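The structure is given below, and queries will be raised subsequently.
Chain nomenclature is as follows: A, B, C, D and E, assigned in order of appearance, with residue numbering initiated at 1 for each chain independently.
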Amino acid sequence: MSEFMQFLLSGLTVGAVYALVALGFTIIYNASDVANFAQGEFVMLGGMITAAAYAAGAPLLLAATLAIVLTAAIGILLNKLAIEPARGAPVASLIIITIGASIFIRGLTQILLDKELHRFPAFSGDDPIHVLGATILPQSLWVIAGALLVFVALWLFFTRTLTGRAVLATANNRIAALLVGINTRYIMALSFALSAAIGALAGILITPITLTSYDIGMTMALKGFAAAMLGGMGNPKGALAGGLVLGLLEALTAGYLSSQYKDAAAFVVILAVLFFMPQGMFGRKVAERV
Amino acid sequence: MSLLDVKGVSISFGGVRAVQDVSFSIDKGQIVSVIGPNGAGKTTLFNMLSGVYSPQQGEVRLAGELVTGMPAHLLARRGLSRTFQNLQIFSAMTVLENVATGFHLQENGSLLADLLGLPSARRRMKRSEEQSMELLKTVGLERAAGFEAGSLSYGALKRLEIARALALQPQLLLLDEPAAGCNAVETEEIEKLVAQVAKSGTAILLVEHDMKMVMRISNHIVVLDHGEKIAEGTPAEVVSHPRVIEAYLGVAATEEATRYAEC
Amino acid sequence: EIRIGSTVSATGFASYLGEPEAQTLKMLVDDINAKGGVLGKQLKLIAYDDAGDANKARTFATRLVEDDEVVAIIGGTTTGATMAIIPTVQEEGIPFVSLAGAIEVIKPVRSHTFKTPHTDRMACAKIFEDMKKRNLLTVGLISGSDSFGASMRKQCLDIVGDYGITVVGDEVFGPTDADMTPQLTNLRNKEGVQAILSLGLGSGPAIITRNYAQLAIDLPLYQSHGVASDAFIKLAGKKEAEGVRLPGTPLLVAELLAEDDPQREVALRYKQQYESMAGKPVSTFGGYAHDALYLVVDAIERAGKAEPAAIRDALENTKGLVGTTGTYTMSAADHLGLDLSAFRMLEIQDGKWKLIE
Amino acid sequence: MLSVSQLRSSYGRIEVLHGVSLEISAGEIVVVIGANGAGKTTLLHCLSGIQPIQDGNIVFRGESFNTVPAYRRVKHGLAQVPEGRQIFTSLSVEENLRLGAYLYTDDKVDRDMEDAFNMFPILREKRNLPAGGLSGGQQQMLAIARALLSRPSCLLLDEPSMGLAPILVAQIFDVVKNLKSLDVTVLLVEQNAFGALSIADRGYVMETGHITLSGEAQALIVDPRIRSAYLGL
Amino acid sequence: MKRLSSKQVTLLVLLALIALAPLFFPSSYYLRIGSLVFVNSLSVISIVILTGYVGQISLGHAGFIGIGAYACALAPVHFNVSVLTASVLGAVVSGVVAWVVGRPILRLRGYYLSVATLGFGMLIFMVLNNEAWLTGGPDGMVVADPGIRALLKSWGISLNNAEFWYAFNGFVLLIGVWIALNLKHSATGRALHALHGSEVAARTVGIDVARFKLRGFVISAVYASIAGSLLAMQNRFVTPDVAGFMHSVEIVTMAVLGGAASVVGAILGATLLTALPQILTFLQEYEQIVLGLIMMLVMIFLRGGVLPSLVRMVRGRG
């Protein structure tokens, strides 16, 4: 029992990490149908900038705020300098641009900061909390709470606010969006800023647990992407569920089956889910009328 | 035996009964029109007949063979082809290539021959391109043959779809609002084309809101409303049907329609 | 001018190893040149970054040999990269000093291939010796799925029987995994387990150490030389890392070495030089590069000329060259030339490395 | 109200509008007719800002629109019902309508939405369903309703009657006529030339990127050239 | 005289380039780069067929490269066949694997397909990485000499290693290009292109969409596999990296840089991205920045890839 509990807590922790990254994907995807593979770099920047500022003597809260603001600014720049000029390019080109951007950001970080691993203290100490014979670190609770909070915020944003709907409209039909008076450029900039900020927040929350370095972005992007697809791209519910399911799958496989093939098991399950639900768990099936 | 026999087909989408228990049939060379208000289920009916959706109830027979829910590409082999209300164009291909895909079943040979670029494969390609050019002439698009299809105007695309559908040399042709976006003169050209195709023995199932065309050209009309068949008969019978007038034509159009139905 | 080539993984998944190697080579070459060079000639280092990709390593090796016309190559941070370089250097007859751990590099002996790191097998032996001494005879194993972890795991499983130790659990973690509590829980729950051995590098071992504390496992924890750097203590946390044991090169504890230890001077000098240049703690891996360069320089000096064939012959006759890793004595049958004494058993106490023995 | 002079526009290197000029006064209904491919849609796209212009001027209420981005033209009161409907397929019918009034957050939005639902009751029935599932004609209604929600002072309609049942075609023309009484100026592109000319004040005929004929609607409807080329009489 | 078709022109120009380029090579290192360009071109053509012709995105195609590469390493050891036979075996295995996994996977669309292919590639990578008893694990495996060079020598043609692989890979590439161009200009190619445009319409003209997608996928897998085999034979050594995600991304990037739907573009993209890192080595740690920058700039300013943009520019002038 305590064993199962431990696997569960581990899965929740890791799952919340994935969910946070996956949630970051949703906004840009919803605004432009682009899976932004530089999303992982936002996560990296969040952690790295905070670590650097903290090491330079800034209080943690200030360091974190700085990281979020800077990363959001980089997100806006990415949109302005790379995505917007390429408007109308095929999706494959946009993906390559985001991958190019991710290589660029990684390269820049390795020079401006460094190539070392970094960590900063957990927000509420390192004393484990005991739950039914298993333990969880307080920082994990921060991560889980962060994922839930971002989820709720995004969900409200997309379903309750006009701006949220304008984001969806922009991706769905850019011309129509312009015709109803939506400033699609502003919407895109906003989406990149929000996505980047969420990514940075994710990076800040998880670094005390996972450590960070200039090159974690790609893995983060991949796991987050996989989680988002499992849940159904573009839907915050899907991102949260996808992330948690992926994390739990990995932990339970590592615990009960084989730690060697835990990533494999996760992908097998993703393939199986997509086989039965080609739109992911919560993906909307858009009826394309003919 | 009729060419197409539809018996009691139904389908619903999350509670919306799009088509309910509709039956009718078409003979060789006949033109049957399906009319009805917007959202009556005409396009959905087409989608069920052409393998885009599978009917939840009922059965469809094509030349006597049960083809209910058969995938579209197999129906194509059995001589059924269609156009779309929401255009389905291969927009990155040229106009000529768009039509040439209509010859797919004729030109499709062994994969190996294609990979090795054998002369037989090239001959087949060439023939379908020549035939496509003929069809483009028929619909008046020969000058656009080399253009990228995505650059055509809406009306031109409608005619391109008709040409592509004709390329299959179908026994049964389903046309979903072929004259939408065309003016009166262009509509007449399409009408002529349709009549000509029917004369060659192809049965035609037509959805169209242009009453002038429908009334003049149809042998038989099926009227749908809210997914159900509310009337059926010759043009003259249908225009005088009170439910049809009330639900679909309205007073003004009835007058006009009656004029054409009678001539 | 004497051209020496290098291809290491300065970026990519093995940059944790390759970056200090690259920096060390550059620093030392500058240093040697400032002191007048070798045989009165300046050294020229032509350095490439293969990002740990075997295919790239192979291409760069070709480039070094064919285009840059170097007289010797240092590099191949990972075993895969090294193995990809070998056919080229063997065919073209260029001496090559590898920085990779696996025993396959020098076994069977290849005419032009040498290496400086002790083999993974030696690290395993050192750990098992210590376990045996402490009577810890049932261990749980957790290893990284990357090149380093997999190679260590293989070598350790190969020889563990020789020490009368049984492995009761065999878990794996990925190089970017965030939480290893499931694996550790399983190991802890293994019947009769007396110690846990973690084989890996990068963030994994630090996370394992932290998870270890989180789960309050009170068995001795061993790490491999893969984490032998002060950075590890910082990342794992002083409290969490307390009591962790691992085999390390003398470099790490240079200050603690006996005054008469022949390695003390070399290790201390390199350590100070590196730390003031790079602004970060020295790591075992930079030490490998240090030794490799000095092996080559020593060979050139003894050969009296900078020609590949002569350098190769001289390398094979290296005798008693003191490096940061150990003292090298090569022969036609041994292209590594280190013995077990090159490893020292270390323990973290109060956030500091302590020599045991 | 809207004045267009010597407008040129091209796709890539192919020019499709070769200097089009037209003039619309406030409160007028003006219709443009022309064969397939004449450039009518392109003209409307230039006016709404979706399609860049190479030369010429667009002046709306005395202001040059040449460089005003599309989304800001809506704020100035110019709205378009585009060809091919261009609805937001993945959003619900209601969300589509709400986005029509994107620029407004006042109470009038709700009233306008009610009006739209009253105009096309089927939309009320389907308000919570994704708009992509609507039938062709229903989507056309949605596109018209959405454009009206942006409170235009000038409405550009690209073949609004396309795909609508006869009973609705009549209704749409009524709606357009009513707009006049609400002081909305209308530029109407129609293939149903007869219907359109019957409600219009003036008309233009467009052929391969040129305006070739213009005049009072009543005069055009009896013009023999129009009757044979567009009315099929 | 009959005018040459564009296909024939392409092949002739390519042949001339391959044959004449070595005259300008200062050392055999350039031959090595050339032969890598050829191998990468084959991988990229594999993507061009799948993405450019059929419109399906794969982020796991390196999995097939891995199968081809490891076939050359494993089959000679375990089945006692020659390395060349092993590469054919690898191609067959890749084709069969593609046929089996293609059925369920190709029903997915867009990003869902890309995540599924990504998963597939990961699975292959993990097996190669984890099953050390068979594959040597992350440290990789030695590949036996295919012995063609020795054979040629016995015929009196003596080439050094670099020369041989340059010529051999160039030869295979020519065949690959020829077949890919045939496919493009065939009925099958048109059907593939059509289903890329609209699946519904493709079905209604009688195209068996599932089957044609699968055909494209299998052909594409075979190309990738052969590229993997060539790489393994040439390097005489393989590591699981050949099947890794980064490799998949690399070839997709090459394809998109070149212009995703064109075979000549594929070669251009492969050349660019193979040569670039070699050219950028002088930048040392700035290499990554510049590489990322170039990728973005090309995609932004040469919309649709290098080749289509060049063509447009030339046409624009003429």
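Operating definition for what follows: a residue touches a chain if its C-beta (ideal position, glycine included) is under 8 Å from a C-beta of that chain, and two chains touch if they have at least 3 such contacts.
Keep in mind that this is a model prediction, so the values were computed, not measured.
Listed here as common contacts of chain B and chain C: A, E.
Distance from chain E peaks, on a Cα-centroid basis, for D.
Across the assembly, the mean Cα position most removed from that of chain B is the one of C. Comparing chain pairs C-E and A-E, the larger number of C-beta contacts belongs to A-E.
Centre-to-centre separation between chain D and chain E, using Cα means, comes to 50 Å. One finds 43 Å separating the Cα centroids of chain B and chain E. In this assembly, the C-alpha centroid of chain C lies 74 Å from the C-alpha centroid of chain D.
Measuring from the averaged C-alpha position of chain A to that of chain C gives a distance of 35 Å.
Among the residues of chain D, those touching two or more other chains are numbered 133-136.
Residue positions 11, 145, 172 of chain C each touch two or more of the other chains. For chain E, the set of residues that touch two or more other chains comprises 130, 200, 285, 287-288.
Contact between chains, as defined at the top, is found for A-B, A-C, A-D, A-E, B-D, B-E, C-E.
Here chain A touches chain E in the complex through residues 35, 82, 85-86, 88-97, 99-108, 110-111, 218, 222, 225-226, 229-230, 233, 260-261, 263-264, 267-268, 270-271, 274-275, 278-280, 283, 290, going by the rule given at the top. Across the complex, chain C meets chain A through its residues 11-13, 15-16, 19, 142, 145, 171-174, 176, 178-179, 181-183, 185-186, 189, 202-203, 206-207, 210, 213-216, 231, 234-235, 237, 239-240, 280.
Touching chain A in their complex are the following residues of chain D: 48-50, 69-72, 74-75, 79-80, 82, 86-91, 95, 98-100, 102-103, 105, 130, 132-136, 146-147, 150. Of all residues in chain A, those touching chain D in their complex are 162, 165-166, 168-169, 172-173, 175-184, 284, 286-289.
Residues 26-30, 32-33, 36, 129-130, 132, 137-140, 142, 161-162, 231, 235-239, 241-242, 277-278, 281, 284-285, 287-288 of chain E are the ones that touch chain C when the two sit in their complex.
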